Amino acid sequence: MGLIGLGRMGGNMRERLRRAGHTVVGFDRNPELSDASGLRDMVAQLPESPRVVWLMVPVQAVDSVLDELVGLLSDGDIVIDGGNSKWTNDKEHAARLAERGVRFLDVGVSGGVWGLEYGYALMVGGDSADVQHCMPLFEALKPEGDYGFVHSGGHGAGHFAKMVHNGIEYAMMQAYAEGWELLMASEEVENVSATFESWREGSVVRSWLLDLLVAALEKDPDLQKIRGYAEDSGEGRWTVEAALDLAVPVPAISASLFARFVSRQDDSPAMKMIAALRNEFGGHAVLPEDD
Amino acid sequence: MGLIGLGRMGGNMRERLRRAGHTVVGFDRNPELSDASGLRDMVAQLPESPRVVWLMVPVQAVDSVLDELVGLLSDGDIVIDGGNSKWTNDKEHAARLAERGVRFLDVGVSGGVWGLEYGYALMVGGDSADVQHCMPLFEALKPEGDYGFVHSGGHGAGHFAKMVHNGIEYAMMQAYAEGWELLMASEEVENVSATFESWREGSVVRSWLLDLLVAALEKDPDLQKIRGYAEDSGEGRWTVEAALDLAVPVPAISASLFARFVSRQDDSPAMKMIAALRNEFGGHAVLPEDD
Amino acid sequence: MGLIGLGRMGGNMRERLRRAGHTVVGFDRNPELSDASGLRDMVAQLPESPRVVWLMVPVQAVDSVLDELVGLLSDGDIVIDGGNSKWTNDKEHAARLAERGVRFLDVGVSGGVWGLEYGYALMVGGDSADVQHCMPLFEALKPEGDYGFVHSGGHGAGHFAKMVHNGIEYAMMQAYAEGWELLMASEEVENVSATFESWREGSVVRSWLLDLLVAALEKDPDLQKIRGYAEDSGEGRWTVEAALDLAVPVPAISASLFARFVSRQDDSPAMKMIAALRNEFGGHAVLPEDD
Amino acid sequence: MGLIGLGRMGGNMRERLRRAGHTVVGFDRNPELSDASGLRDMVAQLPESPRVVWLMVPVQAVDSVLDELVGLLSDGDIVIDGGNSKWTNDKEHAARLAERGVRFLDVGVSGGVWGLEYGYALMVGGDSADVQHCMPLFEALKPEGDYGFVHSGGHGAGHFAKMVHNGIEYAMMQAYAEGWELLMASEEVENVSATFESWREGSVVRSWLLDLLVAALEKDPDLQKIRGYAEDSGEGRWTVEAALDLAVPVPAISASLFARFVSRQDDSPAMKMIAALRNEFGGHAVLPEDD
């Protein structure tokens, strides 16, 4: 199998596939990580046929990689987009590749830096025959046991499922974060970290995210060393967009997303306006913007 | 009439009452503002009877002022709490005064620094006979015309109505503020201030708050000189509390209130947790808290 | 001027323009409303040149009308889209028309059924020369006085401004609606309608929407005759979409939009899941879906 | 140990304690469940001393039970309130019992109907000596292993921790529920239940609640048989109340709570107002309230 993109995710996936006995030819623009000098070289190293090439590249790079890749592949080869592509692009990518007889699967991959050890949750969109062909790879990547893999539907279904997964994740993280802030703000609970830790068994809120939260608090109980600054990677916004299109109310997911937006603002324009209005009607003092 | 508290609100109210021909004896702890040396002196200057004493003091001071005042008044006198007291306190205050035969009205007062000129919107809670007795004062304070005064109900109804008024106000301000931030963030609309100004007639969103918003933008079109920092004065929180008690969903009002809370945080504890979790599961970089 | 679409908005606009002395040839698919037998006939009735044709048609119809219209117009003619088109389409429409030398303006129009009497708030996007050419029409349509018209920017700016206007409108309406529900749910305020009416002068929340709210309560004080069912017309969703693109937090506007989504659901799928989960972990009873 | 209240929670707790070898004298107003004819009888059956009495009664009943119980206990006895009492009452209860020399612990208990088998997560507030004395009971009730028990702080800290736990739970449930509704509304993902099931391993959103969600979908994949109607049991509201007091923004938790409020309304008063306003300004049709 060819694997394009050997960053945090791709590098670990290569390792997990190799541990399972698969031959993986990885390509990355960083030659220290790469097994091939270029896409052409990577494809040339793949045994015939059909060849499987898995992309783990940033969203912005998918189109240009596909453009180059399509000319190197043959009828019946399979391209898998395992990155965080927007699901709306998958049908178009599938169609573009199909013109050359190349097959396409979109795969939402969850698991982060822990996937190497525990396996990656995989959500796959595309045709059943292609999914079947790639099952040995999916088996190697997914966690042991009954779960961690689903063929969600046609082209786009994998990324759509992963998108909603991440939307849920945003709101779950926000749930814990709000609870933590409240416990820290109050003086009632004297040992907040121990309280969270105790919830790891028996409580309704036990989860893998809670385990990670406890791990984070063990390193830095007050999170003093880091700023309250949170990026968003696209899936949260797309989840809300999809909800808007379908008239599905998503108040908790959108609240979680907006909280991240606010976290990245040096100062809130909206709150400037609130302050200005309070001054206009009530003569309430405003704080000068003194930097 | 006696008027206790001659700050931004009380001072202007005294002036508006006097312009209407009423005799007002004001007391303030600041002797430069005060017409009396103390509460006793103020009461002594009031013509018998029944005397009317209007409180315009901070929420925190109401109880102690009432304690002192009750001993100075007589059967049939009327005390008006025109400050931002929580409505739940009004019944208790009414009962405490009633033990001495003193009557009580709670009055929610809106109008801010513009009330002197345009009049104050008054929402009154208490018994009809007491309201009738004080109508000449209310007539002097309210705006000209058919509106700006309501006898909302029994003790507490005035402050309850004012509380909800302010809750609505929070969400209206937030509405404009979000729209302004969006227009400023986009490059589509080149003249944001002129766009808001144009809405003053013919648009669905025309309002007095919009007029104030335009006035604020005239002084400082990008609001560069002020920080996005907004206090809340109690009524917004009480509105949400009352909604919780009555199981009334108030998503827009609560969102507006939370936006103010966030605006006052140097850094968001909740967002620290989000950043920590993203680091734990995805290896995403966190920003150091280095200031 | 040609005016395509003589529904609730277009019909009144024709009337207001005629009252101001303008010649308007209206076309509508309903022959009882129409001044022309078709677009070709309408254009033929317009005096040369340049001709101005104003569209007031549903969003879905704009493209097909433009397709037909472009073949009937000449170099220098001006097409105005005054409907609720999405701002992202305006640049494309402008470009398509420009291929034939036809000019384009997008105009956001606010005012509803009251526009005939009070005038319409107009937000215009496009080139200054075209705006200047059409100013007599804008002057006739806008309210008297200094406000109600703005040239917001280039193509798309008119509809973008109108979109944000409507987003603000959604949250303002939600603000009043939440306050009204809370006042009705509580027993503190005995005369809710009178309380809202009193706010029409002197209060911070006075506005045109409040005037309409009072008018609605005069007809039906408890709103017993209508269902809590609210459509949304696109602009609210687009406002949130634009905010997502620009990472602008819009918690109050999105909350207002989601409330409308919920209002149209016979039963909430999300709340079914909440009920199912409560049953799973706590044995809490669920209500059967049979009434 | 005495145990008052043998409902869904209390009954299972008695069983779990007995399995661990503890002697439990349970009292319930339902004689078929009860081991004693009354509180006096229950206390009489307890071996001296100090005696431990655990309350698992509805919030509304705690005060009356404590009133009766205090007269039956002696210096050094310990009362545990394991129900869903509001944390603000705990200090008062502790003080009232302390007048008689009786000790008090507040314990938040999580685990629902699964606690009998897996153990209950316990969050305890009170003095360390009392906690130590009761540790054998806590050991029997909590899950095996390192987690599931915490001494969170002084009186009130147990219920405060449990309250925040439940607030977090509300928003986590809402997160899954919103994601489920979106997946069901879209046609992209063809097998929604299988997608959720796959997330049980390897995904970021894996949790005990997810396991329950999958179990619910196995029984009724579209949740057709139940209504989208969700009660709230107090803790969610108290969480938001506490957040208001401390100026902590809790947008996701409050959104989750408001969604439950809405789920219980036959029709939304706020949305009636929105519909009425849309009719007033735009002539938009309203739906008649015809049932």
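Going in written order, the chains are labelled A, B, C and D, and every chain counts its residues from 1.
Keep in mind that, in the parts below, a residue touches a chain if its C-beta (ideal position, glycine included) is under 8 Å from a C-beta of that chain, and two chains touch if they have at least 3 such contacts.
Note that the structure is a prediction, hence the values are computed from the model and not measured.
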Farthest chain (mean CA position) relative to chain C: D
Pair joined by more contacting C-beta pairs (A-B or A-D): A-D
Interchain centroid distance [CA atoms averaged], chain A/chain D, Å: 33
Distance between chain centroids, defined by C-alpha means - chain B, chain D (Å): 37
Chain centre separation in whole Å, for chain B relative to chain A (CA means): 46
Multi-partner residues of chain B (each touching 2 or more other chains): 112, 174, 176, 178, 181, 185, 204, 209, 247-251, 255, 258-259, 262, 268, 270, 281
Of chain D, residues touching chain B in the complex: 204, 232, 237, 240-241, 244-245, 247-251, 254-255, 257-259, 261-262, 264, 268, 270, 281
Complex contacts: residues of chain A adjacent to chain B: 8, 112-114, 173-174, 176-178, 180-181, 184-185, 209, 212-213, 215-216, 220, 223-231, 251, 255, 259-260, 262-263, 265, 267-284, 286-290
Residues of chain D that touch chain A when the two form their complex: 87, 110-112, 115, 118-123, 125, 142-154, 156-157, 160-161, 164-172, 174-176, 178-179, 181-183, 185-186, 188-191, 194-195, 197-210, 239, 242-243, 246-253, 255-256, 258-259
